[in-house]
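Quick notes on the structure that follows.
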Amino acid sequence: MLFIELFIQGLIQGSTYAIIAVGLTLIYGLLRVLHVAHAGLFTLAAYLGVTVTNQFGSLSLGIVVATLTSGIVGVVIYRLVYEPILNKPPYVALIASIGLYIAMEELFRLIFGPFGLSFSSAPLQNVVVIFGIHLRACQIITVITNVVLLGILAWIAQKTRVGIGWRATVDDPEMSASFGIDPIRVRYLVFFVGSALAAVAGVLVALLTNLVEPTMGAVPSYKSLAIIVLGGLGNVFGTLIASLALGVIEAFGTIYIGDFLDRDAIAFAFLVVVLMIKPTGLFKSR
Amino acid sequence: DDTIKIGLHVPLTGFAASDGKSSTFGAELAVKQINEAGGVLDKKLELVIYDDQANPSQSIPVANKLIGQDRVVVGVSGSYSGPTRSAAGVFQEAQIPYLSAYAIHPDITRAGNYVFRTSFLGEVQGRAGAKLIGEIMDKKRVIMITLKNDFGKSLAAGFKEKAADFGITIVNEYEYSMKDRQFGAIVAKVKADNPEAIYASGYYFTAGPLISELRASGVNAPVIGQEGYDGSKFIEIAGKAAEGVIITTSLDRDSKVPETANYIAEFEKLAGYPADMVSASVHTAVKIAAQAMENAKSTDPVKIRDAISRISMKASTGTIEFNALGEVQKNVQNQIVRDGKWHHHSVIDDPELLAPPEK
Amino acid sequence: MAAILSAEAVTVRFGGITALKDVSFEVKQGEFLSLIGPNGAGKTTLLKTITGIVKPANASIKINDREITKLPTHSRIRLGLALTHQIVSPFKSMTVLQNVMFAAGYKKVRNIGLSILNFSRSSEKKDAMAFLEMVDIAQYKNFPVSTMPLGILKRLEVARALAIKPKILLLDEPLAGLNSQEASRLADTIKLISQNGMTTVMIEHNLSEVLRISDRLYVLDNGKYLASGNPKEVMKQPEVRTAYLGS
Amino acid sequence: MGPYEISLATGVGIYVILAVSLNLITGYCGQISLGHAAFFGIGAYTVALLSKLGWPMYLTLAAGLSSAGIIGVIIGLTSLRVKEDFLAIVTMGVAFLFVGIVRQQEFFGGEMGISGIPSHGMTKFAYLCFVLVFAMLSILFSWYVKKAWIGFAFDAVADDEGTARTLGLDIKSYKLTAFAMGTSMAGLAGGLYAYYTRFIVPETFGFIESITILSMVAVGGIGSTFGVVFATVLLVMMPEVFRFINDYKLLLYGALLFGVMRFKPEGLSGFYTLLTGNKEK
Amino acid sequence: MMLKISNFCCGYGNMQVVNHLDLEVKKGSVTGILGANGAGKSSLIMAIAGHVEIKNGSIVYNGEDITSCTPMERVSRGIALVPEGRRLFKSMSVYENLIIGGYITRKKDSQTNMEKVFDIFPILGERIRQNAGSLSGGEQQMLAIGRALMTDPKVLMVDELSLGLMPKAIDICYEVIEKLNSLDMTIMLVEQSTKRALQASDNVIVFESGNTVWKGSSNEAKKSSEIIDSMLGLRNH
């Protein structure tokens, strides 16, 4: 029973990782950019979700505003930040992204204050008991959202012409243009979708913890970097599995080896061990 | 010069910025009150505030700047243990009195005789927690959920030290890190452990989500926290789940003591949100510094130091007196959440239990 | 004359594909051997196995009767091998000259100690210039390689291989991408170098040049040995003609 | 010089060593590391523990340098299998593991860190000079490495490992040497830091710190020693210079990182070449 | 007239590498582009495909000015490219490379086109799941041609058709070119082998350092092939 419950908790945690990490892996897959500022959009969405919900009393409106805004901001970031430095060495975009993320964190603090925001009355907190396991509605929704969204995405990326086209722009944007794939449009689209996913994750996490802080993106930002590597950079399905696996390992790890390694260290120990055995990640880099 | 400068370092940016903000308000309130009452030694008191990002390497140049450039006569830390501990060494070396408002690292006062602390040591509060659970509440099977930083660790140490004395069996201890906000795994295990009470260290931003999750998963055992929870934000985050949570702290919301009651009222007026422990501690520290100067009738650091060591003063967080090490001994205020507000629960005044180390 | 380089029973698999199956061959001191065969026959793979870039399933490779199968690439190179790449791979951050200079300094980077103690680059610069002249690209010396057309890069590959003063030169399609004049000039240069005692193995599809300068041909087809011997005679063999020439 | 300037300059000196050391690994040899602060930490912890056992300063510093170097080589050995972004992420993992392990071990002082590190026994000014001498030595060393053949070999490794190998270069030992040199210098910086603060906690050597160091290298212009030194001074001083705008300091810092990478991706050393018209690297 | 290029200059940054070129390509013709290394052949091809900055002049395709069209617009009008160095999508499979080739065609057409490609290059059919990057040099060339054919082109531009191919494969490729040409496809060929180029093309243009030094029908050129040969070698003498 405890094991099942730990497993489920791991899946819930892993689902939030997955939704963030998949956006990141898509973007990485597309541009070979470790887009740390992705976590800034996650935070932005959480703030918007809470603010709008508190203001207008509608969570759905909050989600819509948060995803659309984050998606658009994501596209703007691509356009203004990454596009001009795409053909520079990878660390350039990485550092730019980190700088941007620091600035975003600070902006959130200056705009929304340092204390964090909460829902004035948090939605989706009603408890459902399934086989003796207490779950909040928001937890169940997190897992379902994850599976549905990512399932669709993985299918698009791996199996459809559009997906193959996306991936072609990764290898050689100039040539893909020569075969009728507009790399710019693909990038806008991927940034929009990826950022919107981060936004969904942001609102979900806000529901789960009822707390939105300027620094809430920090842990996801680097943990999802680890995850996308484990999942085989650019591989949507691999990222999903890696996220869930990590969630579950963390859940058990916190309980059984928590006094040897803390949660974040468990994630990275797992990562380092896997990469030592298999330098290309758990799954094929798509 | 017609002002006397007090130096304050706080985390204005970075992960601890919220406490930095409260600290700043607490200090500003103290200065405002003092200046309105005529200042110190007929001069106005002036605050010099710098950001240390709660980072131990940042606080060293900050301390040196306060001492060397701004020539403050007293330093106050409104920051966490790391930066406070490294700044303490600098103040000690420069022989400028230094008051740590709420940092709990045991070695801070060991930096030397110029360093004082106006709040409890983590251990002391942990011991009080043991008494609260084992004796006052009479719960014996306890689970500990410990925040993995200096604060949580020293609380846990104090708690464990006295647990047996109050008949408490510690069934299990789980640790989490400062950055955790989701506690599903721990909660699942706690549920399986089925304790009578839960001693959980943390800050409002970890405790809020933790306690919501505990309650949602059907764990109904009472939760005992500490001053890290203190503040309205905790209740805002945890909502209904916060009801009945008890903490050990130094600020009694229902206090009839004028210093405290007055502080609580004035703070909310100034800051726009209810008072918390952090701000009260910094408020206390600044008041002590001012009082010490009055007592010493001088701004000479040596004299101020002596005055601080001899001080006995009622402040917002209780009556402050320092022992030989520079630690304070005062009563622990237990507060409980009722109807979405902090209220008086009980007081622990057992001098032996609360005795800070002398060396 | 004794074989300076020999590869016995080379088998290489990539996943499901067997790129080379039990191939054996040897080169004699000073010989000019051309390795030909259809696309995908495994020629490049054979050279990469000899240099240790590709790990074979089975092989025994010897230089001067010394077993080198277990050695890492760089140690084999130091025993006197040099390889040019079919898909050119210059150091992109360097100029044409620096590419060759670095190769010419191979002795100074043999080990860390030497590389720390050695400072001067002037003699390497002189050597490098000589090699660039040898392949006719001296006028491009100060250009960053990223702007150079393929023909220049192909010759740069050769110059760089020569700069490490190998005993055995392994050339993977050095003439591809050059026009006929340029190809025959470079072929002449290579022939000249080989006549001065350099053992040479060349993969090349430019048959007229191959026939003009090779001492011997070795033909691979579909990962297997097909024929070897005197160029004219080999080219007369019907299996070779059908596999390679299609007539 | 007041105590403030001295402490600031000492900090700058330590960071110069750190940044220059990372530049050896990342700038010269092309191996992106997001975990450099771990080696800084290994040096600091070694020195802290040994100095508390009463070892004299020169011995503890030597020990800090070698322990970081040795662990650096071990990490380097295991990292040889992974490349580029994978390497970056593995080294990031190392940074987290270091902090994760240290904070759990009572032996290392756990969460409480190590306080009461004995004094270096010099005046603050003398210690500053001491640190600056090491900083100068690191700069000279790094400049020398660039000019010597080893620097040329690093260039080749950074550019294209496969090609370098087919020219007879022993890639592994060059990478390891870069790791060894860089990490031991970081260990030394850690030792100097321990004597400077006389109090260390695990968090100081975490991921954020690694990023800070990498930023110094990138902002300076990866591979350019003087650019890196300049950027280090700039980035360490910046928060100090802008103390008066407390609240906006980090915002400014983030904006600077971002701005330099966005508008001057080759780093500030680009300005230098622009000014002197000197195109040669 | 399929393509009409007038007073055309292109280059990189400040450098101009093709100067004042005038060229007319008839529908259904094969045009050979010759010249020594670095003459600007590839740059011309890439400029027509839309990847190199056009500094001056115009390209008119089927009566329509496409000088400022994006590469995508050009390919959708029927201009296909086999670029120098192949530029395959290396981390994707043979199949996926071909799918991308057929990105702008209808799915059904894409299927039949792919079968045609496998008919021409059976080895590609055998390697269908293999990563393009791990194909042998010659196989890569075949894939590059196959990929271009997947676009259903009206004009096919091939840079270094025979590069790295065995004689048999070269023959096959030229047969393919001839066949495509007989189906009324217009073809532009960059070729190092003068002989081959003259055989296959109707017209040739010879470059030297970005300037047109000779232009005319290949029959004319064949008569004076020595002249052309020496022109090609000029730079090196």
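Some notes on this structure:
Note that the chains take the letters A, B, C, D and E in the order they are written out, and that residue 1 is the start of every chain.
Heads up, the rule we're going with is that a contact is a pair of C-beta atoms (placed from the backbone, for glycine too) under 8 Å apart; a residue touches a chain by one contact, two chains touch by 3 or more.
Keep in mind it's a predicted model, so treat the numbers as computed, not measured.
Between chain A and chain B, the least number of touching-chain steps is 1.
Common neighbours of chain A and chain D under the contact definition above: B.
Just to note, of A-E and C-E, the chains joined by more C-beta pairs in contact are C-E. Across the assembly, the mean Cα position most removed from that of chain A is the one of C. The chain with its Cα centre farthest from the Cα centre of chain D is E.
Centre-to-centre spacing of chain C and chain E amounts to 29 Å, using the average Cα coordinate of each chain. One finds 76 Å separating the Cα centroids of chain B and chain E.
The distance from the centre of chain D to the centre of chain E, each centre being the mean of the chain's C-alpha atoms, comes to 51 Å. One inter-chain figure worth recording: chain B and chain D are separated by 35 Å, centre to centre, where each centre is the mean of the chain's CA atoms. With touch defined as above, residues shared between interfaces to two or more other chains in chain D number as follows: 103, 247, 250.
Residue positions of chain C with contacts to 2 or more other chains are absent. Annotation for chain B: residues 13-14, 148 touch two or more other chains.
Chain pairs that touch one another are A-B, A-D, A-E, B-D, C-D, C-E. Partner chain A is touched in their complex by these residues of chain E: 49-51, 70-72, 74-76, 81, 83, 87-92, 96, 99-101, 103-104, 107, 147, 151. Contact residues on chain A toward chain E in their complex (touch as defined above): 161, 164-165, 167-168, 170-172, 174-182, 285-286.
The residues of chain E lying in touch with chain C in their complex are 12, 34-38, 42, 84-85, 123, 130, 134-139, 141-142, 160, 163-172, 192-195, 229, 232-233, 236. Chain D meets chain B in the complex at residues 2-8, 11, 103, 110-113, 115-116, 193, 196-201, 203-204, 239-240, 243, 246-247, 249-250.
Those residues of chain A whose C-beta lies close enough to touch chain D in the complex are 28, 32, 34, 81, 84-85, 88-107, 110, 222, 225-226, 229, 233, 259-262, 264-269, 271-272, 275-276, 279-281.
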